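What follows is a group of structures, each given as structure tokens.
Two complexes follow with chain A in common, the first pairing it with chain B and the second with chain C.
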Partner chain A sequence: MSKQFQFKSVSEMPMISVSLGDMEWNKTGAWRTQRPFYEDKTPPCSAACPAGNDIVAFIQKIAKGDFEGAWNIIKEENPFPGVCGRVCFHPCESKCNRGSFDEPIAIHALERFVAGFGSRLSKNTGKSGEKRKEKVAIIGSGPAGMSCAYHLARLHHDVTVFESLPLAGGMLRMGIPSYRLPREVLDRELSGIEALGVKIQTGVALGEDVRLEDLKNYRAIFISTGAHRSRGLQIPGEKEKGILGGLDLLKRMNLGKRMKLGDKIAIIGGGNTAIDVARSVIRLGKKATILYRRSREEMPAFAEEITEALEEGVKIRYLVNPIRLQQKDGLKRLECLRMELGEQDESGRRKPVPIPNSNLRIDVDHVIVAAGEEIEASFLPEGLEKKEGIVLTRRDASTGIKGVFAGGDLTSTQRTVAHAIGSGKKAAMAIDAFLEGKDTEEAIVQHLVGEGPSLSIFRYLHPGERPRNPHIVPFEELNMDYFELAKRQEESKRRVKERIRDFNEVTSTLTEDAVLEEAGRCFGCGTCNECENCYVFCPDVSILKSGGILSHQVDYDYCKGCGICFTECPRGAISLKEEAK
Partner chain B sequence: MNKVKVPIAENLGHGHLACAGCGAAVAMRLTLKALGEKTVMVFPASCWSIVPGFWPYSSYKITAVHAGFVTGAATASGVRAALDVRGDDETLVAVWAGDGGTFDIGLQALSGAAERNEDLLYICNDNEGYMNTGTQRSSATPLLAWTTTTPVMQPKENPKKDIMAIMADHHIPYAATATIAYPEDLIRKLEKARSIRGTRFIHLFSPCPPGWKMPSEQTIKISRLAVRSRIFPLYEIENGRFYTIQEETRVVSVKEYLKIQGRFSHLTEKDIEMTQRNTDDAWERLQRKARC
Partner chain C sequence: MKRVITGNQAVAYGVILSRVDVISAYPITPQTTIVEELSELIASGRLKTKFLKVESEHSAMAALIGASTGGVRTFTATSSHGLAYMHEMLHWASGARLPIVLVNVNRALGAPWNIWGDQSDSLSQRDTGWIQLYCENNQEVLDTIVQAYLIAETVRLPVMVVLDAFVLSHTAEAVEIPSIEEVDSILPPFCPDYPIDTQEPRAYSVITTPDYFLEFRYKVQKAMEQVPEVAKKVDDEFKARFGRGYGAIERYGKEGAKVLLMTSGTVTSTSRTVIKKLVEKGLSVAGIKIKRFRPFPSEEICEAIQGAKKIAVIDRNLSAGVGGIFAQELRASLYSREERPPVFGFVSGLGGRDITPELIEEAIQYTMEHPQPEGDIVWLGLKR
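Then we have the complex of A and B:
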């Protein structure tokens, strides 16, 4: 602190008007009417990620070339980056602010690259000797069950997973063909979870081999048995022999069972299962025709999957609906009605309306019904409340039975891998809180990403670290002056001719150069990346550094509150509030 | 996005009296970072007679010499001569004058020093008016702008004086335009100027929130829009002849620049169109010069 001079007489003054001291005594902070402060906010991608990935944090690591750091951040929230990088429908990208500027960041491709990098790192195993806290049973080894197991193991619980099928992975293995998700990727990520001490018992079915009463010595149970039963069409002839459900067909193929299939195959439905079946059938050298009762716009399958299917020679007939199925000498005849689109239904899509007397017949060798899946309720324990085809859970994933939690496709109509992973994580947090005697709902509410429903288990494990205001940064709060247009890096795909010959993966991982470039495109919404604009442009030398690094502190003794740092922050990581009067 | 790199040294201290969001304070801070402590800076009357503090205080960490309004370049010539007598050829002699002290009141002294090719770096901090005394017009005030002496009923009737053309025609070794939204460009030009002998001139464009009637947090934004709209293009002139333009790829209309400033709020669509035409015209002339 510099001093102010008090001259008692002229003789004390210097002979010429030379300055004697600095102005540090003049605390210009007193002028301030508004106060800037550093505050990381929530990027729209993370808030949109059902699995709760801290997307900007891992992309910033990639941008610095720290792939291991990126891997560690992803693994805090999600044990399945290799799976998600391939099969997730990436809602994060549709919410990406960069989409309002040029094109969204290829987040899934970055995640996929990091997963590939991480697979080459040595595994942090050897925790088997560690003393575990409580025994928890998980029924179902799909993405929900395994995500729950992973996080509970990280929370030091003793976890056993029961799986009815001979192999673990649930829908990831049974429902997703290997050209989308290579089995070695799935196996690697499952074994990564086992390496944390999670035990998996396959071939043990709930209700048959094990009952809820047999699991008395487990302090908590998580049920995530999925939705595996193919939903029917409710038309005459459907129950006849030789009519297969879409998922049943995929399951057989994925369990390596042989099947006899004719040449011409009709697939009924417009969802991802229908597309997966059609593309698989094409790979077996057959002709696949999808029959869908609405138009392409209303198809619930992901747009990119539809495009790839069409490229591969899958035919799609829109606006036809089967009303009867007949069989003669192994041949199948589908009687259909043409449809037209009417009013919007409760799903927001236009409803198909039959055109009277528009009957047409389609002759095929096989009919696969892929009109959706539903849960199998017969083996579920009594006391679980069900409604509209799902098991009801509370906000903390708990059910009507004390200590029994449920998640995944069983409890939701949003049946995606990412939602399943997120619900498993939620249950893990709730189960840990339950076992610790804490308020489970509170545990969930306290760790939402943005306004939820995404959750951060990192924040549950590390209270106070990487704090973020739940405010989701919109495009308007970013400063585009600091960004140049740049093309999105796309993953390359195998040529159609080659890829329909086998079940090998269609898309390939980005190169390291492409990944660095793509990560450099990220705006980093709401997250300081030390670009130092605030420091460079401060007229009052009031942005503090320590040891040459931004300290994220403002010198309020001198900051006049002009707001330049707030405006020039490219990513909305500085807030401004009115100074208390 | 890359980190902006500026020298670490801080040669402007806390507690100075610049208004909140002062563009010139950003300019001064960056300039003193670039020029370093071994600098004597001469200040003819301007905001910078008071901004660093009043006697007996100063927030500069360099040697500052305050001078009369007309005498910036003349005083600097004298300081240079005195240092030469002492055999100090390391210390840089610079002038920091406002547009009033350069375009108007200090022009003859500047012209004289430039004609003699005095070894000094003359920085004109242009905020387009006499802002320190209450926003009177100067010959740097743009056409149609409001000031207290060119009120809305009768806004400025004359276009801004082309100081760069005047300096180029003195055939000085180096002249450049710069502004705070481009700190790396500003610092590069200052460092380049520092390395040259003879008269060097930097036309430094610094938005003034109170004088331009704009919010204090928009200072950098306006500085950038001035370049993007080509109201204030960035370029260098060597030996009065060789022009190099630092072209901004993202071009915006002058309207984008004008509309956030209260001093232009009275402009009609026609006025804006005329400003656009004048700007396009000046840009074309500049490009022609750069091509020769």
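Then we have the complex of A and C:
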């Protein structure tokens, strides 16, 4: 406590009321009723990323010009940034808080840039140290299988991938045209996984060349054989010769097989496969017409893909449904009914209802059916439970057979690349825990991003680092006083005239300047970027720079709990709680 | 150097010549061009003064309180609602004994909305512990700013320099601008009493119990009581250096006049003409210009009114329920004297209405014709 002064007369007193010594004895922290503390929270982008990317963390690295740091963060969670930066439907951007302010961050474009930067780094990923004795088999080399292989290899497991086709990549190679995903990008990322010591055996099909019983010396098995059997239309004439499934056509083209196609091609369906087929056909110099039984609003294909298809001359006829297919002199005649939209169905979309006697005929050279894909169940081992067209798995990706896990399109109706990558990662964590004799479900639950289902393997590998409260930061918790409107950086596209002549990539990578600008737009929701606002605003000089895991700390000896730091933090990285009484 | 400049430009020159370190201000008509002038000079790099942008006058004064405590020379300018918004901080500045100089361009307060000249804003702040100096012309504005820093930094009280909206603020006249070296020769750099020193941290204006609060206020009053002497010394030195002095009050017109007219601000200029004319006609009238309102120059006034039988006061302000504030202050000053001539309290020109020579003559006429005023307020120019 300070010395007490007793002034006897006014002349002894100073001119103003000023302490004659310092006031450090006065621990004003004792007055506090609420306590601010630094606590990173979950940004909505990461929580929305099926692959579990730590998006804000890598964007903050980009913003500092540390592209290699960004690359390392992305590679912690995802071996396919070049793929995802191009073909992912980026649900992260739909959830981006910046969308409530001006436009969402172009996260996919940033990821794509970093992938390009990473590809130019020296390849010393090396084998991830000594492998363990136990071997793990993965069936299917698509994004789920390869993501699982990648993470298991990083966890020092001896992994072999079996692929029925002559080339690895699964749907990434067979289903996605190269104008969306150049093959060198895919090959580079696959070879990055192989470089960790993952063995890939192509031309080995499950149920034909190898059976589950043959894999006895593998301690765990991950089945990710996908869903690539074209679902039929169940209409008369469909089984006739010359009627192709959409995915089958793409597969042939991607395997480099030659095909004879007529000029006018009708594609039935409204999903991404239908669009991919139509745009591929256009590139072969044909006329493509998509027939879809609902309207554009209900199309499951990604909006941007639809726009690009229309730009390229694909015709889409909405609200028509084929009911019969006839062939005459090599020509195909589709008999269709016009539809109208009725009540909402279980998918939340309005259901198409046929208009009686509205029959119309469409004559084309070829009909491609792209009305969805389903799993091929015939070769699957017994003991795998199936329901409504998918293989059932538990929360830890395990199946009814001990040591057998499954993932990817085979086990889900959410059939996207990002979901497949996330599902492979989940299986890798579960398999590692299984082989370690740990609680596999617990291993998953402990490392959810936000409330899940996204997963962080970084946190599984590095417990306690980059801790985050699972609370997802909403727009209302950010302080918009510190942000200015700024235009989203868009990737440029080749001119339509040029791009329909070949299968080269349509979209180009952002420039370094544009990437820096775009990264600078990121709010960094819930993530301290050491902006120092708290330090500047604290009226009690109670923000200390610590240099630990958290760059700043509150000096609770003097913090009165006014909450100004909490209010002025632009990004919700400071929390405030009531002091225990 | 002589230049034709507006009152607001004269303020800016005064600030530049006084080597102010920190300015913080928020724009309001009719003060705005002061801040424009200064901020443009700062933005162009020609004036090495720190300008703190703020969101309100309250913050402007709060910022200057911080800056002045830090030991630098500070300035702000405002008007009307802006000054009212600063009110709480005005008390703080004087209580903390900070020699801040503020220019207030007199403007009426709403409602109803009005942007023109009226002294209600500055006079509403008479009890905040600030010295108040009213100016008659642009030359006086410039000179008073320099004098204000000298007085403020001697007695450690803040000073408000007041000028009329538009009649001075936006009207150009010839002003002699001294060189900065000349001003330097009489205005030394500011040296704080309790400087902020990180090696020796202190708490400023800390909570003070009833045991000592009275004593701190006593010290403020004592500082106010020093002002007449300090201000006179400053004015004398200024006059010796530049040939221009103003005094706390100025008496003009006929020696030993029976009727006196007391005015402040630009009304004085008009009154000078009127009184000159009436004296030439043989009337026994004289004028008193009040420059310093706080501390009120009771001594000086009582000396100047000796022999007068009646005093007319024209107030461009109104304390509703009482009357004109200058008249009220004058009555209070006279009460303890033996000689107490009747005070005719004219209220006129509110909200910027012109106080014309005719109105002033009417006031003098009225005073001469009536032995006593018909009430505490005599309305001048009221549309009846």
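Everything that follows uses one rule, which is that the second predicted complex is superposed on the first by the 549 of 581 C-alpha atoms of A that agree within 3 Å, B and C clash if a C-alpha of one lies under 4 Å from a C-alpha of the other, contacts with A are read in each partner's own complex, and residues count from 1 in each chain.
The rule is short, and it goes like this: a contact is a pair of C-beta atoms (placed from the backbone, for glycine too) under 8 Å apart; a residue touches a chain by one contact, two chains touch by 3 or more.
Source: prediction; values computed, not measured.
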| item | value |
| --- | --- |
| Touched chain A residues, chain B compared with chain C | B |
| Touching partner for A:N533 - first (chain B), second (chain C), both, neither | first |
| Which superposed partner A:G285 touches (first chain B, second chain C, both, neither) | neither |
| Contacts of A:P570 with chain B and chain C, given as first, second, both or neither | first |
| Contacts of A:M15 with chain B and chain C, given as first, second, both or neither | second |
| Touched partner set for A:E24, first chain B, second chain C, both or neither | both |
| Which of chain B and chain C A:P470 touches, first, second, both or neither | neither |
| Partner chain in contact with A:D481 - chain B first, chain C second, else both or neither | first |
| Which superposed partner A:G203 touches (first chain B, second chain C, both, neither) | neither |
| Interface residues of chain A shared between complexes with chain B and chain C | 13-14, 17-24 |
| Chain A-touching residues of chain C, taken from the complex the two chains share | 95-97, 156, 193-194, 200-208, 212, 215-216, 218-219 |
| Parts of chain B lying in touch with chain A, wherever the complex brings them together | 1-4, 6, 8, 10, 12-23, 25-26, 29-30, 52-53, 55-59, 64, 180-181, 183, 209, 215-221, 224 |
| Interfacial residue positions of chain A with respect to chain C in the complex | 7, 10, 13-24 |
| Sites on chain A touched by chain B in the complex | 5, 13-14, 17-28, 31-32, 481-483, 520, 529-533, 536-542, 548, 555, 557-558, 560-564, 566-568, 570, 576 |
